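Right, I'll just put the structure down here and ask away after.
Chains: A, B and C, in written order; residue numbering restarts at 1 for each.
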Amino acid sequence: MDDHVIGVLSNIGVVSFVALSAYLLLLTGEISFGQQAFFAIGAYGAGVATALWGWPLAAALAWGAAIGGAVAMLVGMPTLRLHGLYFAVATLAFAEMVRILFELFRYQVSIDGELVGPNGGEGFRNIRYVFDHNIDAFQFLLLIYLLLAAALLGFVLLERSRLGVIFRMIGEDETLAGLQGISVVRHRVLAAGIAGSLAGIGGGLYAHLTTYVEPRIFDVMLGVHSLAYGLIGGLGTALGPLLGVVIDIGLLESIRALAGYRMIIFGGFVALLLIVRPRGLLDETTVHRLGRGWRQIFPWPRRPNLNRRGNNA
Amino acid sequence: MIDLIQNTIDGVMIGSSYGLLALGFTLIFGVMRRLDLAYGPSIMIGAYFGTILYLHYGAGPFAVAIAVVIGAAIAGIYVERLCFAPMKAGAAIASMVSSFAIWMQLEQAALLVLPRHTYPFPPLSTGAPLAFGPFLVRIDHLIMLVSTLGLTAVVHLTLHRTRFGLALRAIIGNPVAAHLVGIDVRRAVLVAFAGASSVGGAAGFLVLAVDQQVTPMFGMWATMKGLIAMMIGGLGSVPGAVVGGVLLGIVEAHSQWYFGPQIRDLVAYFLLFAFLVVRPRGLLGCPPDSVLPQKA
Amino acid sequence: MRSATYALTVAVLTLWRPENGCAQVRAKADISCRPAVEKLQYDCIINLANSRSGEPLSGLTLTVGADMPSMPTAHNVRPVKATEDEDKGTYRARITLEMHGDWALRLDLSGTVRDRVIKVLRFGSDRVDEAPLARTPARHRH
């Protein structure tokens, strides 16, 4: 496969993680402009683990996900009382704080006579794990998509599980959900943690993909983009954010002739799309209709058809 | 001690421009109940009109100011028509994301027309700073402060002494009821948007004239400062916008003096975060539940 | 079912140990770029050397790509293959960027040495400089 194509597909894969992260929070009814903070934490965390502490990649990625999730839960708690716009702006403020903190963060270790590590505004260079261990671009691409597939599988299972129903209930109406006996607090913090870990994994992958991260990358643009992907692709399914990422990066690739006008076209396209489909291309109604159509062609696996007494009809 | 007061004076001056930025923002939020992420970039479009006028026709500050205001208003109308007017009631997120898409569109359009990193802006005044005892006050800062107070007064009078202002306050209070009593809500909102963008344009002109340059980063910067000042002061509150702006300016001036520009930005965001967690209504705003509609 | 999936993923990741390359050759690069004839086109001269011994690295396949640090995947500069000069270790490439500003050039080396070097440069209309680090602008004081 052409190196360039591998690169583009890798980018799509990595960005999908942040998109899924924002999407999960949207399911619980909260708009977050700040998932890029956990992407950054995952990137720096995993990078430090492999480049400075010599950890294997799997452990480093897990570490990135873990601190991403932990910080997300820590932030989720004081913002519990906030909703809608207030929550969104709070996440934005938090993400910017994280970015500035990374501009000030210096942690360098001398390895083989060279200083390696995050160096404030200069960024974190030489995250060379893939080169030192002879992982070629295609193998890394497979890793990214393996993890992405696992995440998607997780979402599919989530949608069918009680937890997924609870998340959507909280998203629809928190008060009613609470009245049903659901601990809204615990589930919102849980959602924040899972979303943070997702973004953290993506960040770790990104750091190793590009071998170089700097704080500027993790700015508001990335955050709003991740949210936008879900909105464009559709909020009815986890494939929606992925579709959004593919459309954005795919459009980027195909409109090369109009490279300088890409944002103008894309911006206009998104604005028009959102007028017609405010919940994205694959919104809940569409997914439901597609599901019905699919089940007419392939009647199984069938969800249990229960009659009013709760017995199998 | 002298530093403390000098910094506070500087902070108040700069803060007044933040307040003006927040004023436009809060007006838009008040009537739409949605955040317009393309606010800063619309002002930047106006600013680019202004700088073209200055660069190619050597216009003076007053003409440039008019150009900036008109440019911002046009851009604001464009945003309103595309991102907010066609959206149904429940699509607040879609509106915000749409305004973000237009933000990117406007930024790229601006960069295509004027690709360099910085463009000059006419200065407000070339005189030496005035001295009040040991304290120095720049004349252009003074002009900025006076203009801010003047514009705020104009906005306040419009809101409270004209029929249009009454209609706006009705819409801010309860859009459905306003519609029921015969107010043409859509037209009023459009005019309010144009007005708010014009105020933003004026604020942008003042800031850029003091800085004497405009860069492509200005759009994002203006949106962020306006947002922070607006939320600190209280969403939807006109006096809150100005107070929030001034407070932000003072805090920033002190932080920069003692700790440098990065800590200054860190403190600004921390201030915003702290307010949201502890007192989301801001200094002068109404509690969140009464501000936001029940479903976003 | 879910935990089984995650357990499987973790198992695959921990057991998968790619070969441990020791003492890989690392490259260092000197890059200088000049604006070329057309707008937003730049000619770059790159000197590749072994970062430890300093001897020039020749016969490699060098691909030059670029990305903007402030918008990581938002731009699309088609990576170009560099051609090697008669001077061993000196490569030339002509890149076309999408706009002026700070770009992180990505030099991907393959062949006998596999490595990647990243260098951030500020591309202007008439010159190319090292990108300055101080990016937070201070407000004017008197």
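In this text, contacts are C-beta pairs under 8 Å (C-beta built on N, C-alpha and C of every residue); 3 or more make two chains touch, one makes a residue touch a chain.
Since we're looking at a predicted model, the values are computed, not measured.
Across A-C and A-B, the chain pair carrying more C-beta contacts is A-B. Centrality by C-alpha centroid: the chain sitting nearest the overall protein C-alpha mean is A.
Centre to centre, using the average C-alpha position, subunit B and subunit C are separated by 39 Å.
Per-chain CA centroids place subunit A at a distance of 26 Å from subunit C.
For the pair subunit A and subunit B, the distance between mean C-alpha positions equals 31 Å. Contact of a single residue of subunit A with at least two other chains is seen at positions 103, 260, 262-263. In subunit B, 262, 265 are the positions where the chain touches two or more neighbouring chains simultaneously. Touching two or more other chains at once are residues 99, 136 of subunit C.
Residue ranges on subunit C touching subunit B, taken from their complex, read 99-101, 124-125, 136-142.
Chain contact summary for the complex, subunit A toward subunit C: residues 3-4, 7, 11, 15, 56-59, 61-62, 103, 121-123, 125, 128, 131-136, 139, 146-147, 150, 153-154, 157, 161, 210-212, 214, 216-217, 219, 221-222, 249, 252-253, 256, 259-260, 262-263. Those residues of subunit C whose C-beta lies close enough to touch subunit A in the complex are 1-2, 5-6, 9-10, 12-14, 16-21, 24, 26, 63, 65, 67, 69-76, 78-79, 98-99, 104, 106, 108, 114-116, 118, 133-136. Residues 34-35, 37, 82-83, 86-88, 90-98, 100-109, 112, 220, 224, 227-228, 231, 235, 262, 265-266, 269-270, 272-273, 276-277, 280, 288, 292, 296 of subunit B touch subunit A in their complex.
Those residues of subunit A that touch subunit B in the shared complex are 26, 29, 31, 78-79, 81-86, 88-90, 92-94, 96-97, 100-101, 103-104, 220, 224, 227-228, 231-232, 260-264, 266-272, 274-275, 278-279.
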